[in-house]
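Read from first to last, the chains carry the letters A, B, C and D; within each, the first residue is number 1.
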Amino acid sequence: MREAITVRDLSYKYPDGTKALEDVNMEVHEGERIAIVGPNGAGKTTLMLHLNGTFRCMEGEVELFGKTVSKLKRAEIVKEIGMVFQDPDDQLFMPTLFDDIAFGPINQGLKGDEVRERVDKAIMSLGLSGYEDRAPHRLSFGEKKKASLAAVMAMEPRILVLDEPTANLDPYSRTELIGILNELNDREGITMVIATHDVNAIPELADRIYALNRRIIETGTPREIFFDGELLKQNKLDVPDVFKLFDVMRCFGFNCDKLPLSLDEAVSGLTRVIETAGGHIHLHIHEHTHDEVKKWREKYEHH
Amino acid sequence: MREAITVRDLSYKYPDGTKALEDVNMEVHEGERIAIVGPNGAGKTTLMLHLNGTFRCMEGEVELFGKTVSKLKRAEIVKEIGMVFQDPDDQLFMPTLFDDIAFGPINQGLKGDEVRERVDKAIMSLGLSGYEDRAPHRLSFGEKKKASLAAVMAMEPRILVLDEPTANLDPYSRTELIGILNELNDREGITMVIATHDVNAIPELADRIYALNRRIIETGTPREIFFDGELLKQNKLDVPDVFKLFDVMRCFGFNCDKLPLSLDEAVSGLTRVIETAGGHIHLHIHEHTHDEVKKWREKYEHH
Amino acid sequence: MVEYPEIDRYSSLDSVMHRFDPRAKLIAFLILIFSIVLLQDLKLAFIGLLGAILFLIASKLPLRFVLQHIKWVCFFIVPFILIMPFSVHGTGIFHFHGLTLTYEGLEYGILVAVRALAAVIIVLPMIATTRFDITIKALGELKMPNMLVQMFMFTYRYIFVFVIEFQRTWRAMVARGFQMKTNLYALRTIGKALGTFFIRSYERGDRVYQALRARGYTVKPKTLVEFKMRASDYVWTVVIIGFAVSLHVVPFVEVT
Amino acid sequence: MVHISDGILSLPVLAAGWAITIALIAVALWWSKRRGNVEEEIPKLSVMTAAFFVASLIHIPVGPTCVHFMLNGLVGVILGILAYPAIFIGLVLQAVLFQHGGITTIGVNTVNMGVGALIAFAIFRVGSMYGSLVVRKELSAWIFGALAGGVAVFLTVIFTAVSLILTSREAFFAVAITLMLAHIPIMIIEAIVTGSIVVFLLKVKPELIGGLGDDNK
């Protein structure tokens, strides 16, 4: 597997002296889906702005497919990596949706018909047809979010970097967006790096997590990270509710080898456990149940 | 119980012709905590702007403690109702946090010492001491959110209206904010109206839900609303994960009279069910399990 | 508190003006506006105004919209019409507390008013019948420097973002009991609120620049447009420019 | 009020307005190209122009009528030389989006407001450099901020009056005087508001003051 992104010993200080990143090391394989988690102000956005060369590395370096970002030309970086920002209003800068989506391809030097093809494809795959001539300020927040994703997709980058894609979306639009992203990864093998506070979305959205809090605290599969109670607590992180719930069911004698992270996993896990136990399991309150529940509570409690 | 807010037959059209509200009727008792849910563009923000008289009612009317809002003076409305907007940046407009929190009390005509007292109290109760002289744009998102709440609290309103208070917060700050709001309601009996997409927070934050989608679709306790599968589906609403999970466990023969809405409820529910069954229950796969799981899946699936 | 620009609200109607090629439309009507504001003769100015009204009618824009957009000019013109008849020397028609209302002054005042009104009326068929972003693109096609075209695009887009943002801030201020009066406290508060607003705008400017760069922005490229002149576009161009020119040439020919 | 509409000014005045405006825009853009990174400045300048545009839509009640902010002094203090193209863009958009001011008069109106902005910039630059030697920094910023704001409006009104009088002294003299008198309260309001904004910015985000794309910030 090739490395899509390599970050080596990256540190960054804002001009006013705020240390936002310290000694960050990171490796993302091609086709992988990575989630970056960490509290408000952890440096997630700052890190992402280094990936596409918006911020020059002051210390350390970033490589895309083995090439140092600071030595690449803008046009080359843009071909490799597309970035969707936190606030869609920052990134929809043209008066209509069509112009905005066409903006990237035009900058890449494509000609009329190619541009139109790219725009059509992006619009189709995000279900935005009919919106081409709309002004961004007449879109709902969820639509703006999808539009900003379409604008980046039209550039057909090999890596997609997304800053809190699910924030402020209603549950329906959120599910829809998650589906779209996974399809992109599936069908076109696009590598993804996603910063998010939405822990319930992580199991569906990421193969691996980087926990960031100015420095990289830990990396691992969602399961590995969510299992590390101490790590979670120290870095103000959280765990999906389903995971917590199955964890507490263990106090009642539920014997689950693998705690589920999403509802789907929960159902299939439940089915499997019951089936392997001969179609039938017990839950009971035994002498240690209450102590165990208490411990469980402490593990996830934030205060 | 007195009515804190009464909305009667309220309709609203934006100048460009968008119908945002139609025939909205709503009653909020004193001391109640109300959640307003609905998809992006449902009119939640628009409704809230009517509650504090920012928008004049074109059709219908709003009453606060029995007095018609449109007939009240600005100063009187402000004493009754405080509003925390979606984006904290929109409402922190003074150079320092102190100035910002003092802004409301000064407009209420209070004098130096009283103002200072109010500010101190608000700062204390939100844990913002030490931040008085900071400029708002140097605060983290979670801090800004708390600051905007403090600014409204300093005016000591009897009703608090909050637009998506948990959006963009990290899980820790989110838990903290929920705690603060519930304490305010508990200790000072403040009535609360909260618009939110964060279904997992609703059981902890609200006694009653209004489902809004341009018109009021339904009202009821969280349990009542979350039980109404058709309603949820038609209005693109969602249900807490814990609720869904216990719902699926019923397919496996789990006999729960009351589906839990939060983790705490889940644990105590589980304990109670097992205890009433004599310290011991079965889960099993019976002949209808798979069909039931399939039905369950359809019930909550958005696509 | 602040209003939204809605000049292209009726750009999706259908009329000969709506179908007119935006580039030709801009050129032709700009020439007409310049031609009318330079007229010196009241009769000709009235003919210009009549022409302007005919073009406006051809554009099928609703009357309410039209009145809303020309009311500002009417306010602006009022002091001229009220004061000039008394300040220009000439044949007195009417004496009033030592002031003399002159025929010449009245005529000049009316001339100014008619020219102003005609010009502003022509702006409507020129601008309000095309989506504003397309008008900006047309300017680009007409060889306006690319830097300026882009500034128009971005500025136009962010006006909407900021109107909405400012409305929200204003609501938050009112919700905390602020009332706009003309006193020092209110003015200083407005000053501070505007200061915050500018800081946020400046920071947004940074983020917009980052987003632009992330999509490979260079100053060079243009937007994708396809304008095509059809026969009817040539006809209209000739008609409008012909009218503009004849306002100046015909009286000259008559005299000689 | 100070945006002169179409149909009033004479050909020589209009032509002079356009000539000066085109020349000054060219100089400003050339200067910024030489000085810094245009690619960076176009988006930032556009966003700030939009912000000023929106701020100038705010109306304030004065007696029975309303006035709008002009803010050209502040634009000058913040954007420096690039204030000129920013004001040009703003005025074109005001003319075509709201019909405030005319089309043919954009050149003249830009001179009237833009030169005021440039001079306000100079006043503030020089003033606060020496002013802070004499009084507290904040006070000096307030004084020169207010001065810049007031002077910019004053100059705009004077220039507007001059463009009217150059067109026809006889016809427009009285109008010009009325115009100037009517703007005295606006001048005072702008001075106060500009002063408080400048102090605020200096306290909270000093890099915003003193010219976009300027090296020494």
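Keep in mind that, in the parts below, a residue touches a chain if its C-beta (ideal position, glycine included) is under 8 Å from a C-beta of that chain, and two chains touch if they have at least 3 such contacts.
Everything numeric here is computed off the predicted structure, so don't read it as measured data.
A.B. asks: Which chains contact both chain A and chain D?
C.D. replies: B, C
A.B. asks: If you tally the C-beta contacts for B-C and for C-D, which one comes out higher?
C.D. replies: When the contacts at B-C and C-D are counted, C-D has more.
A.B. asks: Using mean CA coordinates as chain centres, what's the gap between chain A and chain B in Å?
C.D. replies: Here chain A and chain B have centroids separated by 27 Å.
A.B. asks: Mind checking the centre-to-centre distance between chain B and chain D? Centres are C-alpha means, answer in whole Å.
C.D. replies: Chain centres of chain B and chain D, defined by C-alpha means, are spaced 45 Å apart.
A.B. asks: Quick check: how many Å separate the C-alpha centres of chain C and chain D?
C.D. replies: 19
A.B. asks: Please list all residues of chain B that touch 2 or more other chains.
C.D. replies: Those would be 95, 137.
A.B. asks: For chain C, which residues are shared contacts with two or more other chains?
C.D. replies: 132, 153-154, 156-158, 161, 192, 195-197, 199, 204, 208, 212-213, 217-218
A.B. asks: Using the touch definition from the top, which residues of chain D touch two or more other chains?
C.D. replies: Counting only residues that touch two or more other chains, chain D contributes 43, 200, 204-205.
A.B. asks: Between which chains does touch occur?
C.D. replies: A-B, A-C, B-C, B-D, C-D
A.B. asks: Mind listing the chain A positions that touch chain C in their complex?
C.D. replies: 49, 52, 54, 74-75, 78, 82-83, 85, 87, 89-96, 99, 102-104, 106-109, 112, 115-116, 133, 135-137, 151-152, 155
A.B. asks: Would you tell me which residues of chain C are touching chain B in their complex?
C.D. replies: That would be residues 4, 6, 9, 165, 168-169, 171-179, 189, 192-193, 195-197, 199-200, 203 of chain C.
A.B. asks: Give the list of chain C residues in touch with chain A in this complex.
C.D. replies: 131-133, 136, 153-154, 156-158, 160-161, 164, 204, 207-208, 210-218, 221-224, 226
A.B. asks: For chain A, which residues count as touching chain B in their complex?
C.D. replies: Within the complex, chain A contacts chain B at residues 38-41, 140-143, 164, 167-173, 175-176, 179, 197, 199-200, 236-238, 240-242, 244-245, 248-249, 252, 263, 266-267, 270-271, 274-275, 279-285, 289, 293, 297, 302-303.
A.B. asks: For the complex, which residues does chain D have touching chain C?
C.D. replies: Per the stated touch rule, the residues are 1, 3, 5-9, 11, 14, 25, 29, 38-40, 42-51, 53-55, 57-62, 78, 85, 89-90, 92-93, 95-100, 102-104, 168, 170-175, 178-179, 189, 192-197, 200-201, 204-205, 208.
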